Each structure stands twice: as C-alpha cells, then as structure tokens.
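The first chain written gets the first letter, and so on, giving A, B and C; residue counts start at 1 in each chain.
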Amino acid sequence: MTPSRTAFAAILGKDLRAELRTLQSLPAMALFAVTSFVIFRFGLNRTSLSGGLAAGVLWATLLFAAVLGINRLFVAEREEGGFDAIRLAPIDRSVLFTAKVAALIVYLLVLELIAVPIFAVFFLNSARALPPLAMVLVLADIGLAATGTLISSMAVNSRARDLLVPLVLLPLVVPLMIAATAASEPLLLLGGVSYHRFGTWLMVLGLYDLIFALLGYAVFDFLLED
Amino acid sequence: MYGKGLRPLSIATVVSFAISLSLVFFYAPIEADQGFLQKIFYLHVPLAIVSLCGFVVAGIFAVLHLRRDDPRWDAYSYVAIHISVIFAVGGLITGSIWAKGSWGHWWVWNEPTLVSFLIVFLLYATYYPFRYAIEDRQRQARYASVFAITAGAFVPLNFLAVRMSASLVHPRVFATAEGGLPGSMKLTFLASIISMALLWTTLVKFELSAKSAQGQLKRLRRALDAPSGPPSSRIAPEVH
Amino acid sequence: MADERQTEAEPAIELVGLRRVYGERAALEGVSLETPVGSSLVVLGPNGAGKTTLLRILATLLRPTEGEVRVLGCKLPDEAWKLRGKIGYLGHEPLLYRDLSGRENLRFHARLHGITGAAAEARIEELLEAVKLAHRGDERTYEFSAGMRQRLAICRCVLHEPELLLLDEPDSNLDIEGREIARTLLGPGLGHTRVVVTHDPERHLPDADQVLRLEVDEPAAVS
C-alpha cells in the first residue's frame, strides 16, 4: 500500500496545480462574491452594514460562491477518468476524500482572502472584526468542505450534477450557517466588536465539522464502489 | 412476502385510532387557555415524533444496506423515508394550524421545534430528486443510503443549532410532553402516539408489498418474454 | 520484480461461474477459466458481450455479482486491496488529466503507486523515450492527439511494473509505429500475464495461449 501521506499530497498537488493553471473555479467564485455584494448594496439600499445584516450578507454570499467551486470539485475525476485511476491505485480510498476536502478548504480560504477584505471596505467602518472573524471562517470552511465534498462526489455521477449540489447542500449546511452567522453577528456590530456567546458558537461549528468530517471519511469508500 | 401480517396490522391500526380518537374527543379535558383547538396537539406532536423516528430508522436501514450489501435494506430505507416525509407534511400543516389558533400567525419563527422540523423536512424533500438523478441502480441505492445516514446525523445537530439560536423562547403551553400534563391528557397522548406509530408501520408495510408486487410483475413479464431464471420472492421490492 | 512473482502452479486468473448483472440485464453469464502465470488470454466477442465488464471485474473496478474470482491469488472482491498495484489497466479512457502535462500525469500516477523521487523520474523518462514522447512531455495532454494519448496511457499502465496487464483494445488510435511500441512495452514475451480484449483477432490471436469467446446471451467458450 502506498503511504496515505504520499497519495494525499499527490491528489492535492494535482488539484491545486490544475486549478492554478486553468483558473476555472477561483476567479469565478471571487467575482460572484463581489458582484453579490453590489447587488446586496442596492437590494437592501444600505451603504454600510452592521450586526445581523452584515453577517447575513457575508455568509449568504460566501455560501453561494462556495457552491460554484463545489460543483466543479470532481468534474476532472469524472470526465478524465481520475476516479478509475485512483480506484486502481493501492491506496486507502478515503485519501481521495481528505485530499478533496483539503483542496476545497484551500479554495474557500483564497475566496475569503479576496472577498472578506472587499466586504469590509464596502460595508464596514473598521477592520477590527476581521481577526476574530477569521476563526469563524476557518471553522465554517472545514464543515462546508466536508459536506460539500461528500455531496459533490455523489452529484458528479448523476444526471443533474449542477442541480443536486445546491439542492442537497443548502439544507444540509443550515446548522453551519446558523452557527456562523450567530458567531459573526456581534463581531460586526457598528459600535464595536462584541464577543457575545462567541465561544459557544465556535463549539457548535467545531461539532458540525467533527461529525461531518468523520461521517464523510467513513462512508466515502462506498461511493467509489461500482 | 411483504404482505404477510398486513391484515392484522391494519386492523390493529384502525382499532387503536378508534380508541385514541375517542379519548381525544370524549375523555381528554378541554385545555383552559386554548380551548378545543388544543386537541390538534394529539395529532401534531405524534405526527412529528413518528416522522422523526422514521427518519432515524431509515438511517439505520441504510447502514445495514451498506454493511450487508443487500438491496432489500435499501428498499426499507426508501419506504421509511417516503412515509416519514408524508407524515412530516402532516406535522407541518397541523403545526401551522395550531400556531394560527394559539398565537394568531400561520408561522412563528421563534418556536425552535417547528423551525427545526421545517429544515429537516426541506432536507428530506431533496431525497427524491437526489435519488432519481442517479441512473445506475446499485449506485443509486448506495448513494441513497449515504444520504439517509448523513441526514440522520444531521437531525440532532440541526435541533441543537436551531434551539440555541432561539434567543426568545416563546412561552409554551406544554413544557415537556410528560412533565406538565395532567394524567388524562398524558394517557390520551400516549394512545395517540401508539396509534400513529402503528399507522406508520402499516403504511410502510403496505408500500413495501406494493413495490415488491410491482417488481415481481415486471420480472414475470420479462420471464415470459425470455425464459431464464425463476422469479424469486426474496428479491428486493422495486423502488426505481 | 521477477522473483516476487508467484512461481507455484497456482493460476494467475481463476474464474468459476462468474456472473455480472446490471440492474436486470446480465452482462456476463457463467464464465469459468484458468489462466496460468505468464500466459496471454485473448478475449473476443461482439459489442455488448461483456468484454469490458470482464476486464473491469479483473481490475477490481467492478464487483462480481456471483461466482468465484481469484486474481494473482487474491479473492475478489474481498482482497481487492491486495491486488491493486499489481495490475496494469489500459481501458478505453486514457485516465489522464487534460490540464496536466505528460510528465505531470505520469508523476501523479507514480506517486499514487508509491514511486517517488529519482526512481520515479528515471522510470518516467525511460518510458517517455520508449514511446517517443520525451520531447513533448511538458505539454498539456489537452493538446495531444488520440494516438499520443494512447501512448501516454501505455506508459501509465506499465509505470509501476505490474504483473498482470489488462488491455482493452491496446492498439486503438495507434499508427504502425505506435503498435510496435505497444508491443515492446506490453508484450507478449515480457513475463506479464496478459488479458487482451480485441476486435482484431488476426493481430492478437497468434500471441494467444488461450482464447475466450464471449457472445451476447450465450455461454462463454474457452479454447
């Protein structure tokens, strides 16, 4: 058996290299996010956002932008035979899950590195919220990547690929969004950063991450069978 | 083979509903604050509880399907989700009526149980388009099982998150199902929940035997066209 | 590598009553055979007779519905994990990523098979030389012709020095030179056990130690 570390690095490296070369997902995700901010500016008719409204706009935008990337996560495996190549290799098949989750986390972090500062420039009057917000972002990314990878790997083998990811993923991440928005809301208050129940919500995010990461890891084998 | 026991089960369901409904209307007292409308409680809560249990049971069937690689468990899981989704619709409608009667609105966002229930329903409603978008049958069954397991794990997590987010807990008439209830209401509630669970089981069995009859009919037709193996009664019901 | 191969009398492939069903339709029905180590099995048959299905079962990509399958001493599907890595599979799809170069693709497969560093680089260069693609190895395979992709797929197939080659129309898209190259890398005569699915019996029958004829809705015949 090939050591899982080697296989993990091979798959993750392959994905990042291909994305860097073709730029198929990331620019689309970032552009989508920025345009959504502009639409919210007019839809809500606000030039600055605070508290719950700010958290809602930020997370709704990030979630929908993430769906774009999640849709494409396994397209190369499906269309270019990568699923077979990986199934033929003497590796633990769960490595494909962990490598794809890692790739998706990288995409989401890059997206947020672009979109969140722009969000702050557009709508917030200070950058004080950003350091604690980064913790929320990272924890939410892990959960979103775990469920996103699981759904994407199934949707890509279906007739209605682009439809299934948003359809199934959205209800599945409702708890994640509840926790992420609730944790961000006090951070984004106009009056200044507040940490009301911050730790509690981070724990809910962590619980979500743990449950769906373990679940995805456990069932992924069955998704590769034929 | 799925039809076996269906008749006594149906009779038991009818009898238990006759008992529980007469308890609801003639025995349980009229609640002081809400009046007659409160009796929808005996319908709403059992529907919700039975459908949630049904979802969990479907998840267990799905685990067995992946473990044992037997398509019959997938059929059980499918039918359990199917009937539970129908019960969930009933639960949402009766919940909405109750909300209108007691709070004056068709929908209340600060009743966490109802909101969680809506989210669970929305997730399970995607089971059908998800399942039927996958063409290969074995793969369809496996993916559907993974869905059922994932959604099963989602249910408690979702209840936790929604409950925590409800900063303003609405004053509730019944603190808990057992605690706050007077004895006569408790008895009626118990009878209601038993009859609802019996109804769920009957419908699941009925649906399974219908599906398996369909599957056997198809197989017999095919056997008449091209004689090969004999039709087996132990083949999984058709859920495609 | 050669001394690791089984030398006992145990056959490389042993099928007893193999059956595979898709939904209600049987793609393979009652295939039984024994193929000795180091020999070539040629599989013939019309479209839809289950040739590719058979190959994918042997490659651990598909689960048999019924019957016993032993490949290189591993019982399928239970011991598939032991078998992977000893198989070189060349299917209809080249299993190459379009956005990676030829070298990157081979490097990716080498790492999946646990071959890294200088050993991997040396093996990749050796193979690219052999298929005459060394000068174009840094181009994205997106730009390759079908024949070039097939040559690269042959490299991918033998990269990890497999014991058993499963070849589905190995000559497809290849020119005369390409076929010769395929022969030098895929055998016969290189010590591999080979299963070759083909529509071109004239070319492959002379190499065959054993022939399996698959027909639609008819029992398979071994000769």
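Convention: contacts are C-beta pairs under 8 Å (C-beta built on N, C-alpha and C of every residue); 3 or more make two chains touch, one makes a residue touch a chain.
As the structure is a computational prediction, the values presented were derived from the model and not from experiment.
*Asks:* By CA centroids, point me to the most central chain in this structure.
*Replies:* That would be A.
*Asks:* If you average the Cα atoms per chain, which one ends up farthest from chain B?
*Replies:* In terms of C-alpha centroids, the chain at the greatest distance from chain B is C.
*Asks:* Please tell me the distance, in whole Å, between the geometric centres of chain B and chain C computed from their C-alpha atoms.
*Replies:* Once rounded, the distance between the two centres reads 49 Å.
*Asks:* Distance from the CA centroid of chain A to that of chain C, rounded to the nearest Å?
*Replies:* Computed value for the inter-centroid distance: 38 Å.
*Asks:* Which integer distance in Å separates the CA centroid of chain A from that of chain B?
*Replies:* 32
*Asks:* Touching two or more other chains, which residues of chain C qualify?
*Replies:* In chain C, nothing touches at least two other chains.
*Asks:* Can you list every residue of chain A that touches 2 or more other chains, as numbers and ranges?
*Replies:* Within chain A, the residues that touch at least two other chains are 225-226.
*Asks:* So in the complex, the part of chain A that touches chain C is made up of which residues?
*Replies:* So the residues of chain A in touch with chain C come to 1-3, 6-7, 9-11, 13-14, 17-18, 21-22, 76, 80-82, 84-91, 225-226.
*Asks:* For a test of understanding, state which residues of chain C touch chain A in their complex under the given definition.
*Replies:* 56, 59-63, 81, 84-85, 87, 89, 91, 93-100, 104, 108-109, 111-114, 116, 140, 156
*Asks:* So in the complex, which bits of chain A are touching chain B?
*Replies:* Residues 147, 150, 154-155, 157-160, 163-164, 167-168, 171-172, 174-175, 178-179, 182, 200-201, 204, 207-208, 211-212, 215, 219, 222-223, 225-226 of chain A touch chain B in their complex.
*Asks:* Which of the residues in chain B come into contact with chain A in the complex?
*Replies:* My answer: residues 66, 119, 122-123, 126, 129-130, 133-135, 138-139, 142-143, 145-147, 149-151, 153-154, 157-158, 160-162, 164-165.
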